[in-house]
Amino acid sequence: MGATGYTASESLRLLLRHPHVEITRLTSRTDIGVGVEKVHPALRGRVPLKFTEYGLEDFRGEVDVAFCCLPHAASSPIVRELADAGIRVVDFSADYRLNDLASFELWYKAEHADAARLGKVPYGLPELFRKEIREAAVVANPGCFPTTAILALAPLVAAGLIDPEDIVVDSKTGVSGGGRTPKLNFHFPECNESVAAYGVGTHRHWPEINQIVGRATGRAIAAVFTPHLIPMDRGILSTIYVRPAVGVTAQSALETLRMAYRQEPFVRVTSELPATKDVSGTNYCDLTVRELGNRLVIVSVIDNLIKGAAGAAVQNLNVMCGYPETLGLL
Amino acid sequence: MGATGYTASESLRLLLRHPHVEITRLTSRTDIGVGVEKVHPALRGRVPLKFTEYGLEDFRGEVDVAFCCLPHAASSPIVRELADAGIRVVDFSADYRLNDLASFELWYKAEHADAARLGKVPYGLPELFRKEIREAAVVANPGCFPTTAILALAPLVAAGLIDPEDIVVDSKTGVSGGGRTPKLNFHFPECNESVAAYGVGTHRHWPEINQIVGRATGRAIAAVFTPHLIPMDRGILSTIYVRPAVGVTAQSALETLRMAYRQEPFVRVTSELPATKDVSGTNYCDLTVRELGNRLVIVSVIDNLIKGAAGAAVQNLNVMCGYPETLGLL
Amino acid sequence: MGATGYTASESLRLLLRHPHVEITRLTSRTDIGVGVEKVHPALRGRVPLKFTEYGLEDFRGEVDVAFCCLPHAASSPIVRELADAGIRVVDFSADYRLNDLASFELWYKAEHADAARLGKVPYGLPELFRKEIREAAVVANPGCFPTTAILALAPLVAAGLIDPEDIVVDSKTGVSGGGRTPKLNFHFPECNESVAAYGVGTHRHWPEINQIVGRATGRAIAAVFTPHLIPMDRGILSTIYVRPAVGVTAQSALETLRMAYRQEPFVRVTSELPATKDVSGTNYCDLTVRELGNRLVIVSVIDNLIKGAAGAAVQNLNVMCGYPETLGLL
Amino acid sequence: MGATGYTASESLRLLLRHPHVEITRLTSRTDIGVGVEKVHPALRGRVPLKFTEYGLEDFRGEVDVAFCCLPHAASSPIVRELADAGIRVVDFSADYRLNDLASFELWYKAEHADAARLGKVPYGLPELFRKEIREAAVVANPGCFPTTAILALAPLVAAGLIDPEDIVVDSKTGVSGGGRTPKLNFHFPECNESVAAYGVGTHRHWPEINQIVGRATGRAIAAVFTPHLIPMDRGILSTIYVRPAVGVTAQSALETLRMAYRQEPFVRVTSELPATKDVSGTNYCDLTVRELGNRLVIVSVIDNLIKGAAGAAVQNLNVMCGYPETLGLL
């Protein structure tokens, strides 16, 4: 659903490679009746479908799992309907990510069509919430920036290695994160050859980082967060400045991350400084830790369209369906 | 007029450096009352004006020369009014470039508000039409692609060195050539990391190349022309494949270009293969010639926003006003 | 062999996805003993091998098919040794592409260590030489530019639809085509925000285009060819200007291409103008034809590292081994 | 001196526009006898000089002010010689920036040829050290990253508005900052479409930021600093996270910056979030302040080759020679 955007086309690309998935239906609110390859020319000859209007009756019996790529607030009415009808959903929107209705209303300034489900939907990072995802009717696919920050912070916060009140998350993202709708700030001659901060103090991934680290670790944190727009298609690098507890070094923090993720197929803890290009086109999150004066610096990179969206969704699908978690993703 | 676009902001940047120019008025059809720096943040603190609506009465007595950066068809009604009132105009649109009304109507599918002036307005390449520009009430500022092709071809056609019927102009342009209005094909994630041809067989600069080379040399030519969109801000490189007359070599063609432009301040004939970066931010056109089997290849580069638009306009202004032609441009 | 370059890393990425391939050995002339992920950090944790020095004895019994990614002239001595020892080779270099020793020596100014095999090695475009590739001991993996031009031209030349003496191939390539060795012309601040022609009249893919179209169709052609460097990582777009025979239209030429490739999994003939982004990360070649005055224009796009190198090699491997041709490539 | 690099070519470009400057000599250690346009093709026809070897005798009587663009440690022997001979120098290297010999040796691991002058050479930010620069024999042209940080921090530290021990400087730079020598990390296909942190904990601009803010304000600070490489030619954006003193707001901090720079021609304090593109090609530093939870965020942008190098040098030249400070720079 909402299949004309970048997260949808990336999902299609991945799902075409998945041995147990058949793509049967693509909905759009704007391009009804249009062939997929008109909107996604890279998929020429790959997906012989036309976009249809969403209707529950079309999904019953036909669809086991739905990927919902609609914007926030547009998503929850449909997710609710599908979930109530027994169709499992990976929801790419932010509608089910925050802890409660109050947070949602505060940050998204919108009504929520499915408030009753809020707080019961697992956050779709299998590395932290695998058990809940397995049985879930609905999974809240994570935000791209939060994925980089939460994977970096959760093990360190859980182990009490850092000051939970003194965390700066400075993130850099490629432009595909802004979606497929043309806007002046994503117009090539505006954002090419330029870098800018945006959403300072107002970006909705800020509370998501704090709430989910809290949920995963049982410890409240108060990170600050600033995103920046980088002239590249895809990739996020987050530079995270933390204050270590007494005796904690880059080496011990790195070791904690290694232990936390030693069996995770998609988190690579490394002693090298990772670049976003190292994970481009993959579902990996690469992490390292360095010392910098009286701080530690954690560097965390993902491909925003894959581990930050479509790949995470396929990983969640695999967990939900009991498939090997890496299926279609390596 | 039409001062919110890229050619306008580039003109402002150049004119601020011009010792004899005072910028007194900027008009817009959309941002009336808005401060310049809201639209062009690079000009913060440089141009303490707000955009106003166009009105002839505001120009009388105040404006000696107007730069009209409106789109085709929107330009000629205003240019006509100004010219009739004795205000000289450099018109950035295509309204006065083609030879006659029939060509304009065929290629632009629009009505022309000033057909009587068509054919009498000089084409604003001082290198070829300096004398006419000096006295002109209106100058048709050249198209960006035609500038590269006409400067390359005119001396060779005039000297009879090449077959006028066997010319291929393959052009590559940065995205700023598409203007400041967000569109899907200029959306960063669409055009970054990609190259595509466009307007094949339909681009309006095609007849402009042929007509102006004809006008400058008195010889009809039939070049074909294809533009391509390149993931960069600015710059045009045209690769021009021609069939030499018997005995004509790359060396003799190069020599003809050198002679033709030996006193021109903004055409640099070189034996190196020029890159668009060599002329970025400048009013230069760099040219060279090479042999390639039974063809000659002419490579021609400009900065599309300067020699292809704003710089050419300032050069025309200098010619019109009797200033040294390089004023504000080096 | 020669596993530290971009074509090698792209081959590794593809082969890791191939169900019948096990990667057992990677050789390098410079990084012996170094772990793969030091050179290719994107492969962290994926390929637990170190680069070794090449030695035939290491390959005997262990290797069924070798990918040789060495530069021209360095390749043939090793290819010869492997082939003589019964190990099949896909050779990425140009050593076996041209028709004869004289052409090789003329264009590559080097000695050939395996001249006896020249002319007997099939050119690795399965679309044109599938039968020969099936049984081959050595396959000459195609050059990236020639792939775009040959696939576009061969069916039209074979059918006699175009003038074989009047062909202009104007190609635009991403920078990865230049390899992984730092050089001034591939230094980011030199080639970013710039476009330039290079190798005009001297590029070695020029004779390759003409010879292979001749070999595939039995008709001699004399195309001219100019490559350009574009500020992007990957992708080639070739704009090919041809003179149609009497009565031939864009539509009939397009139909000829459609028929020629109707059963080919990796050539997509389309009526849209393709962009390199449409095939980025894939093994596809997308083609279309348009009319432009008295010419036809064929636009042909590939990913230079995939259909132009590593993907073609995997496709050849599949043909050589009797696997489904798309294995590991979709 | 050292005129083959990017800071030199940018200096030439600016100085050609300066009414009181004549360029008489360009030295190089590698390209002696080579014409300027071979190395800097953008300067074709602009600078009719060849590079010469450095020799003091050539400078005596001929040169009033020298721009020394040599690397650190290579610079001080020559600067010393020139200064001792009464020729004034703007030194682009880091040799005279730090407070003392111990700092230099610790961070640069090199011997200093002119230790006696260390600590007496003014730091070339006229906004903070104008008086000292006026009379100086040698000026230490600032580092690019420090320029963004020092201009942002100095007024706030001086006024006691922020905690001097809790400062994070996260900087993003275009690739031209890495110089003109090809290296793997600046190779286009490596750094394009990627972002990476580098020099974490080891970058030499880190102590420069702390020492110069200390020198300018009389208050010690302990900022941490991490630079990142961004796929663009030029521009630096620093995002600076500080802890405000009780009662200090973004608004009051912004007001302090406005007051501090109200008469400065090249610092623009704005309430908008500036992008590097806003200052590209200019000598401006644009600054703003925002609130972010319990922090303030200061965003500071410059063009690294202009305000971060060549423009700062011309500004220093103007101060040294008593010219209007904006001469050649607007």
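As written, the chains take the letters A, B, C and D, and residue 1 is the first residue of each chain.
Methods note: contacts are C-beta pairs under 8 Å (C-beta built on N, C-alpha and C of every residue); 3 or more make two chains touch, one makes a residue touch a chain.
Fair warning: this is a prediction, and the values are worked out from it, not measured in the lab.
J.: Quick check: more C-beta contact pairs at A-B or at A-D?
T.: Higher C-beta contact count between the two pairs: A-D.
J.: Could you label the chain C-chain D interface same or different, taking same to mean over half of its residue numbers are used by both chains?
T.: Looking at both copies, the contact residues mostly coincide.
J.: Measuring centre to centre with C-alpha atoms, which chain is farthest from chain B?
T.: A
J.: Go ahead and note the Å separation of the Cα centroids belonging to chain A and chain C.
T.: Using C-alpha averages as centres, the distance is 36 Å.
J.: Starting from the mean Cα coordinates of chain A and chain B, work out the distance between those two points in Å.
T.: 46
J.: With chain centres taken as the means of their Cα atoms, state the distance from chain A to chain D in Å.
T.: 39
J.: Residues touching two or more other chains, restricted to chain C: which are they?
T.: 174, 192-193, 231-234, 274-275, 277, 280
J.: Across the complex, what residues on chain C touch chain A?
T.: It is residues 16-17, 41-42, 44-45, 193, 268, 270, 272, 274-275, 277-282, 284, 286, 330 of chain C that touch chain A.
J.: List the residues on chain A that touch chain B in their complex, please.
T.: 6, 174-176, 178, 180, 182-184, 186-189, 191-193, 231-234
J.: Could you pull out which chain B residues touch chain C in their complex?
T.: 168, 170, 172, 174, 190, 192-198, 200-201, 222, 224-226, 228, 230-235, 237, 239, 241, 273-277, 280, 290-295, 297, 299
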